[in-house]
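Should a chain be cited, it is by its letter among A, B, C and D, assigned in written order, with residues numbered from 1 in that chain.
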Amino acid sequence: MSNAIIWVIMIPLLGSLISIIWSRYASLIAIISNLVALVASTAVLMRVYQSGPFLHELGGWHAGLGISLRADALSSILLVMSMTVISAATFYASAYFTDAAKRARFWPLWLMLTVALNALLLSGDLFNLYVTLELLGLSAVALTALSDNRAALQAAIRYLSIGLLGSLVFLAGVALVYAGYGTLDLATLASLVQANPLSQVAFGLMTAGLLIKSALFPLHFWLPSAHASAPAPVSAALSALVVKVAVYILLRLWVDVFDLVLTLSSTMLLGILGAIAVIWGSWQALQAQRLKLMAAYSTVAQIGYLFIFLPLIAALPEGALQDAAFTALLLMALTHGFAKSAFFLSAGVIQQYCGHDRIAELGGTARALPLTIFVISLSGVALIGLPPSGSFLGKWYLISSSFQAGQWWWIPVVLVGSVLATAYVFRILGHAFGPGESIGRVLNRGREEIPALILALFATLILGFGSAELWDLVAQHAEAAGN
Amino acid sequence: MIEILWFMVDVMLVLLLLALAWTTCSSRDVMRAVTLFIAMGLLLAIIWARLKAPDLALAEAIIGAGISGALLLSAIRDYPSTAIAVDRSPLMHSIINTFTMALTIVMSWAAWHGLNMSDGVRLSEQVASQLAVSGVSNPVTAVLLNFRAYDTLLELAVVLTAVLTVLILNDKRADSTAPGPLLQGMTRWLVPLLVVTSGYLLWVGAHAPGGAFQAGAMLAAAMILLQLAYPSIHQGFNLYLLKILLVIGIFIFVLTGLWMMSVNDDFLAFSPAHAGTLILVIETAATISIAAALTLAYIGGRPTGWEADNHGNRAMTEKGGAE
Amino acid sequence: MIDSLAVLAVFFGLFFFLSGSIGLLRLPDVFSRLHALAKADNIGLAFVALGVILLEPGLLNDIKVVIIWLLVMAASAVSSHLVARRALRKERDDD
Amino acid sequence: MISTQLLYALAGVGLFAIGLRATLLHHLLLPRLLALNVCGAGVFLIFIAIAYAGIEGMPDPVPHALVLTGIVVAVSATAMALALGRRLENIKSDAIKSEATKSETLKSAAVKPEAMNDE
């Protein structure tokens, strides 16, 4: 069923087109197309799980002339995660937008964002990565600007100009690669690339572009205002998926194509930037006055954790240890995806029903919105990395592999980061359970709270206990990459 | 002897281009910057023609200088002042300058390496060998609509996303004051010619420079000229039809791709026999979509009544988009 | 013989373009600049077109070149009229 | 004499650097947008310099298609940025206008309740 890889991209695209024409039924179209795409993405994952990575050569052309879509362990897992988060946020959004005009505007762009995410995760061609990055950037900016107030528009404009600059720097790297190696297909490039000055400069440019897109520490200034001022389902997708997908491309380029080019010192630089991001992001999250701003800074911190893994993977010898570190990286990314989207969705519920999301005035929300606060605490567990959650395993392997690799200095960073994370999560819960009469009666808005609950449960329980399959999937990926 | 002459022409073109780019980026008045930008777009079109890329020369002239220029010029009116103030500290100035100088040197060094490393053939032979099967004889259109058709599909999605944002954010710009009879006279002559030329460009794209994007942009230029000369021209237009025109390009592309997937089990795998006709169908739909999109982008926002749901239920009045 | 005639025509046309540009730089206000630019460039283009026709025999090309020349003349006439009209209205608003 | 390819490739790198410098320098939307377009034109010039194969030779059509896609993407990004800028300016001018009207009506009518900030 190699066509599932096409349906994953084409169903949301058709859904987006139809929702422009029949804007009255847009919510229904969006829910149906996202669910069908979710089923198709699990079909892709099952196929990869049983018979290994597979290729779909578009247009029947091969050997670099045409574009090929590639599904392997790394991309199919992230595909299923992003489709789950998108489907949950779609249910949430159908109840979240009360104003009909705004709802009619939201759906086409939301489905276009899904198309961009899926197309980017499955793409196997450098220029195609540029086009999907551009589509992702534009639809994310459009959705951020949907909340139509001054802060959102200023954040959207800064996000757009920085995003365009990142895409152009990435395209400059693609141009140099095409100049030197004469092909754009990642698979053929993997065999051609050697460590010569051209590859280093080209990969440097591509990394710089992707660092802008994934908001690593010095280049993260556009993220907090954009994620905090966007509507709740949009900031859930932005934080959980859009920044993570840029990290995915960096990983794919590095592991599959440019592994000879990368020196240990450059990964160490990325690791140090990641460490600063962890400390600085968590510290800023602690200072934040608003829930969504805190969640945005915590995203900056969590992205930092992913980059700490890079020097470890580069230093560890080929084989079981490196696979363990790689799987832990994947696990951290997945857990953060689920936990952060659950957090943003419940922050949206609080914003809508208490009229504000200022943390200091959250008194009494625990009594008024019990399920929402429970979901926030669950996702807090996953953000901190307490035992039942996937990120506990992730941080555990981070610490153990930094022992094995002899780079002990990452351990204090992880510990300080986790302590700060505990601080800012309990600050919220403290205020929420505190005295105060924000709304008189107990509210339960099933359609908005259940999706957030499911995502939070994914982050804590399913990824915590059920991550055994992840290990052999990545081991299979390692063999595929090895031979 | 000829090489030296060509080299002198090249050096002159390159110096002029860099000078125009520098003055565009460092001018202190927006109007002057946009005018210089349009001039740079036209010069770039000449450079594409010099580097034997006629398709790009057409596209740059129509889209790069024409449509972008029109968009920028009409956008200048939105801003209160046209002065450009650069409030960066001298330290920041020097950091940025040294950083860009270093990057220039590194990239030129890498570009020099890149050009020497490859034998210069890259993908051109593969394209030439498969051209006969691709259904068109213009290699650029073959790459755009057959070998890398998926890129073009996503690119149409990018255009649609951009135009959706324009429609979502603003209402239509107020109609400009009635232009003189001279412009209306010229428009009455020029618009039919533009429409015929864009049809020609669409048709000729199969075997000579041209194609969907240039034709669509030229059609949009005709619509913009019509809008300038007769501001209230679009009152009677059926908005539901306009939405369909916006979406038709990608719709036909995806349906043909899926149909081809069911016929020869690869998405967008045109069977050589009728690849030519299929590509022409897709190009026509893409031209219409691009023309509609760029015209709406120039108009600047939602035509009146765009959000009113025209499915018979007039009850849903348009509740003022922005609270 | 034909080629030397064509080169002569093109050089003659370039002379007019040069004079138009000098007029643009030297003349004081908008209206005289428009006057210089529109006239000199159109005549210059006529001679360059003549040169191109001489260099490239073939009826179809010649017709296309003439159409190009007519269109450029129409466009420059209308645009200089609009620029002049706006400059006039701006001047009337200022004083 | 350096080859035409290298001359235009270096011109492309030059354009890219000029555009990058101006993008980092300017704060306002319009100058920054022009700078981004100049930056994009520089990358496109590098692509086409790569594709060039001499006066007589057939150029490589793949970069031509890529740059055509790039030009269309650049114009749609420009259209979106201009729309965002225009919307922001409208909101700013509305705020100033409502500020002015509010100060006048402060004395007479009761102040209008703050519209609920519906995200």
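By definition in this document, a residue touches a chain if its C-beta (ideal position, glycine included) is under 8 Å from a C-beta of that chain, and two chains touch if they have at least 3 such contacts.
Note that the structure is predicted; figures quoted are calculated from it, not measured.
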- request: State which chain is most central when centres are taken as means of Cα atoms.
  value: D
Query: Which chain maximises the distance between its CA centroid and that of subunit D?
result: C
Centre distance in Å when subunit B and subunit D are each reduced to the mean of their C-alpha atoms: 13
- prompt: Taking each chain's centre as its mean C-alpha position, how far apart are subunit B and subunit C in Å?
  reply: 28
- prompt: How big is the gap, in whole Å, between where the Cα atoms of subunit A centre and where those of subunit D centre?
  reply: 26
- prompt: Between subunit C and subunit D, what is the separation of their C-alpha centroids in Å?
  reply: 32
Query: Residue numbers in subunit C touching 2 or more other chains?
result: none
- request: Specify, in ascending order, the residues of subunit A that touch 2 or more different other chains.
  value: 99, 127, 131, 134, 138, 141-142, 145, 148, 172, 176, 178-179
- line: Touching two or more other chains in subunit B are residues 107, 111, 114-115, 121-123, 127, 148, 151, 155, 158, 161-162, 165, 169, 322-323
- request: Go through the chains and record each pair that touches.
  value: A-B, A-D, B-C, B-D
Query: Which subunit A residues qualify as touching subunit D in the complex?
result: 98-99, 127, 131, 134, 138, 141-142, 145, 147-150, 153-154, 156-157, 160-161, 164-165, 168-169, 171-172, 175-176, 178-179, 184, 231-232, 348, 351-352, 355
Message: Give the list of subunit B residues in touch with subunit D in this complex.
response: 3-4, 6-7, 10-11, 14, 17-18, 21-22, 24-26, 30, 33-34, 37, 40, 44, 47-48, 51-53, 55-56, 59-60, 63-64, 67-68, 71-72, 75-76, 78-80, 84-88, 93, 96-97, 99-101, 103-104, 107-108, 111-112, 114-115, 120-124, 127-128, 139-140, 142-144, 148, 151-152, 155, 158-159, 161-163, 165-166, 169-170, 211, 213, 290, 293-294, 297, 300-301, 322-323
Message: Can you tell me which positions in subunit D touch subunit A when the two form their complex?
response: 9, 16, 19-20, 23, 29, 32-33, 36, 39-40, 42-43, 46-47, 50, 62-63, 66, 69-70, 73, 76-77, 80-81, 84-85, 87-88, 91-92, 95, 116-119
Statement: subunit C residues touching subunit B in their complex are 71, 74-75, 78, 81-82, 85
Query: Which part of subunit B faces subunit C closely enough to touch in the complex?
result: 179-180, 182-183, 186, 189-190, 193
